[in-house]
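One structure, as structure tokens, below. Some questions next.
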């Protein structure tokens, strides 16, 4: 199911403001790619262009190409809905649907597809997805309760479960663990490792250890200063980025006290 | 630990500000209750002669119940027609402005719809009988000819177009901006996080609206509809001018039927003594109807409380 | 500015002060006499710059109610005080109570909209049957037989009545009841009989505009307000009387004072079933109701001044110019002046 | 910019051969929807002609046909979900167009009938001294209509102003109590409930109540501007409470917590953080509430009386407002024999009233945009 | 200015639900204390009781004592406002005031309470606080712009600046860096180190490295299972917790793959 992503000379704008400039990158199928870089350098912005979520923001637009197995996401006649159901996304802030129960949250994406799903299939999908997100034990007794009653970390795991349940080709994750404790983070990282045997995973993270642990390739983004566009500085195998970066900026960043 | 330093630092003046403010807020709330209570008492006292009078002296000669129930039904019919039209259209317009129209035009469009609220009810009444009613006559005739077997469309259709159906449409136009503007504000407040969550799951725009926007806005929509209903139930002048009143009849395209508010407005000027008490009693009944309707609405909102958008 | 009719305004200001009445007089009551009342107020203020009169056309019932509660110094009413009201008036007006003065007389037209037909003759029974919806076509034999010269179309008759309680309705059905009692078997009331389901509208202007826009419609309305509508000639005695102010005034002359009324009370009972030729019996008489005594001299002066102005020739003339009604006769005017001059300060 | 993009396009080597974009498969061609619309209009016209042509049936048939056809077509080509999306999209656009019809019709009627009467004379003079005789004269001479609505305009402004001054603080404070202090206790539940009930008070009852209430204090039939303002407040308060409450509720709790954690007092948090965040919604709610009452007729009649001259004192003497002015001009024309001047004045006053509320709306929007949460960079 | 905090046998409830049970802990002045533990164990809940923010939540209540330099925060007659102006808080999610400019956001704690402050004082306070939060350079040119236009990381630093500006005795931070990139995190950690020379700092973190780097003492919380109350398992010098924990649970937690 996994698909490759090729980005060619992509510029990303917020109305007139060029937030990300001239990115070209090839993301292999069945791999985990990590985006790292300082805050504000446009990691989230770029990630959102990969499933056309960027255009949801008023004024958000792109120039250039993003190819999913050779098909341009931004080609004429392409429906963003099709794109997004093939490329799932987990956000920085947990956002379970407040009006739905935990169970319905997990099934939200599946139900949209209009496919009839039997009760037992639904139940097993819910369990599988929640287990995958390492949340099953905590919520199995209150599947009918609203998702908003959970703690932040629990909510984020619920959102991950929701995305997994749709079984997309590509999963984009924007700092999915920034609200999680180590145990949950561990579970998610394990999950990412499992997922990559079937899917293409792209993850934004601030935790360089995490990038080093989970990703096959790492892209380092940087920004020259406020108001300047973010750029892709270096993209390489994770090992190379962390041990032997080509660029001075990358080295400075990864060899900070963090690592 | 003899004295609590925190306590001594706790400036009483600052706390007084809080007390005064919350006290004022409370007082405002209580004032509303008192006002409403006073209105109820006023209605009761003034209506009292109706209930103690000899049934033969009441209009129609068969007692207050026989007098009031047809116009209660009429009131409900008028409000129902209005809401049946205005609720879907109002929500549709609100969605159009909040989620469909291009941003640049959305604001002005909302403004244009709000304008409907600005038009006084006398004008709606005048427009209703001068423009709308004649325009509806051919439609009524068509309905009577083709769907006449349904009691509500039984003919012969009114030649002036001044029917319950017309009154309902005028009321719908009047409550539309109320429903629209409140719903719109709430739709606009739907957390972007939730909308994006739905879109990222591959939802179409309509599916995003059903999964993220509508559930979040549901209590607000119900309030908006209740507000509209209040207006529809209590509207006097427009109905008085538009409707050819009469006894309760099932057909909505003939002259006939009456609403409580219009009954009061039409007869109040010449009323005195018992007739006045009767009309005020009718006002009291209207009051009770609102009470019941609101209880039902509360019930609906309360059932969804656990899953309300606030978290 | 407060001076829309610029020329008239400046003139009147100078002529005023002489009379010396001051204060504000409040009246509430019938809407029928509103146009006349505006004329009276304007005329009165032109002569008495320091005085003010305000009148709210809330309706006759509301006017009498307010008057009896002490909320207005006089009432305008399409019906005179009922005995129990007259009794109640003693609470606010003192032991002498209140009295009625006919101030505004206007014929009620039976007006219709029928293409190509200008005038139609009907007797009371036919009118009653039309409004009862027993006659439903304009070319019905009952109508045709009275109008041999008129070509009547096969149009349906749409009866348009008032949907608000109204003095016009009350006077009209009082006529039907008196002149065609065997057909019109409903109680006399300001409310249209609820058994007759028909088109209706609010206010005189409402029924007129509905009738004007509906072919085949017929209604009853104050004669001055019927505009382009045609009117029915009503059979009185052996002749058909065309509606006019003079014919209406004549009805007032044949009216009889209400029995047991106080000496200063000019309430009238109209003879609706009169057979005297040239009389138009469907007439609305609207009264001014005053107290026999007021609490202070200033009010008494003001009331007297205004009351006298209204019934004076000048007053009746201005009203007629404005409202198109019929003037009261000299005889009534004279009696009214006497009654008004009898108003005293309460002891 | 577009030149640059196309340059880049051509310059970029595109690895996989691009025959057809599989993401765009099963997509309706661009011309499909306009074509469906054209078809629907033609068939709609035909159907309407069959049953005796009228614009109304033509529009209804065409619209219904278009929605059905476009939905079916989209469903068939793009799938059921897209079909449903398309259907609702068209219905929502349709509801907007539908709502525009009465608005356009009412506005057109008011403009058509009201514009001829709009003049500086109308705006700046009262009806003092204008009698039926005056109107008869103008009709006979064909001169411009005399008399204006200045007194009623003043009355409307003053009475509405006073009603707002009473209702907005009471309504907003109540909403604040409900959202910030009530904690869903029995009292706040009772208030919420009865506020809703209050929206159902027929306006005439509000007027009678205010009249009776002031009658107790000042004696029978004490009619003046302030009594009318109180009557309008009874009608206005629930709208203010309701809309303010809804707006306060959706202010994120995080903001309140942020302020509390800074040691900001609750009332200051409410005044300086919560209300500013919600102000745009509140402003439009208040505007709506004003619009709700500014056109009221029945309660004014029994509380403020009627006047033909200017009175700017709400605490003494009778007052007219634009709606009562319109009402009486229509229902008891100054000259029954020549109603045209009165009708003209009534529609001009209606136009004036609408323009006033438009200005009010604009003002509220301005306030809202000045204070609204600032977005963007 | 720094003050000590002593908590005695504190139970924290959400209405009937006992979320945190029987906590006793002594927090030294001029020190940094880190709270660690798995998600949902009640770290945030407990932290919020330290400046009476817990009671803002409907149904939120406590039993027991929290002493600030010997004065019970929950004593009769104590005004929560006084407590909170002495004990500041930074939240997990950045929450700048959307109606205010960046500058006004920083001054919020001062201005909202109606205190008069001269223009120059205000300007220097703004600069100092923003520098302290390592945000000055990024926003100095747009102080009058709304705070909501910043990126997540920038927003969080703005919130930290806002709290610093009030000059509290104690600063509570609930995962303040979870939305920050390493460079900002570094700056915040440096800042915490600076702050501790004057203030008492309590920080909730999921990043054990961070806990190890910044804190003098560490408290480990755990939870036996869903619906059970969270408990304080071990509280000791940070070095001891990470190198030589007394409890098995602590050791398991800190010796996970994360370290």
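In order of appearance the chains are A, B, C, D and E, and numbering begins at 1 in each one.
The working rule: a contact is a pair of C-beta atoms (placed from the backbone, for glycine too) under 8 Å apart; a residue touches a chain by one contact, two chains touch by 3 or more.
To keep track of the chains, here are their UniProt names: A, E = Phosphate ABC transporter ATP-binding protein PstB; B = Phosphate transport system permease protein; D = Phosphate transport system permease protein PstA.
Source: prediction; values computed, not measured.
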{"item": "Co-neighbours of subunit D and subunit B - touch as defined", "value": "A, C, E"}
{"item": "Pair exhibiting more inter-chain C-beta contacts, A-B or C-D", "value": "C-D"}
{"item": "Approximate Å spacing (C-alpha centroids) for the pair subunit D, subunit E", "value": "47"}
{"item": "Inter-chain centre distance, subunit B versus subunit C - centres from mean C-alpha coordinates, in Å", "value": "39"}
{"item": "For subunit C paired with subunit E, centre-to-centre distance based on mean C-alpha positions, whole Å", "value": "83"}
{"item": "Mean-CA-position distance for subunit D and subunit A (Å)", "value": "44"}
{"item": "Residues of subunit E engaged with two or more neighbouring chains", "value": "81-82, 86, 93"}
{"item": "Per-residue overlap in subunit B, given as positions that touch at least 2 other chains", "value": "14, 18, 130, 204, 207, 265, 268, 309-310"}
{"item": "Residues within subunit C bordering two or more other chains", "value": "31, 58, 202, 206"}
{"item": "Inter-chain touch pairs (all)", "value": "A-B, A-D, A-E, B-C, B-D, B-E, C-D, D-E"}
{"item": "In the complex, subunit C residues that touch subunit D", "value": "1-5, 8-9, 24, 26, 28, 31, 34-36, 38-39, 41-43, 45-46, 54-58, 66, 69-72, 202-206, 222, 224-225, 227, 318, 321-324"}
{"item": "Partner subunit B, residues of subunit C touching it in the complex", "value": "31, 58-62, 64-65, 156, 158, 160, 163-167, 190-191, 194, 197-202, 206, 209-210, 213-214, 216-217"}
{"item": "Subunit E residues within the subunit B interface of the complex", "value": "68-73, 75-79, 81-83, 86"}
{"item": "Of subunit A, residues touching subunit E in the complex", "value": "37-41, 44, 92-93, 137-139, 141, 150-154, 175, 178-186, 206-209, 213, 226, 253, 256-258"}
{"item": "Subunit B contact footprint on subunit D (complex, rising order)", "value": "51-52, 54, 56-57, 81-82, 84-85, 88-89, 91-96, 98-100, 102-103, 105-107, 109-110, 169-174, 176-178, 180-182, 187-188, 190-191, 193-206, 208-209, 212-213, 234, 237-239, 241-243, 246-247, 249-250, 253, 265-268, 270, 281, 284-285, 287-288, 291-292, 294-298, 322-323, 326-327, 330, 346, 350, 353-354, 357-358, 360-362, 365"}
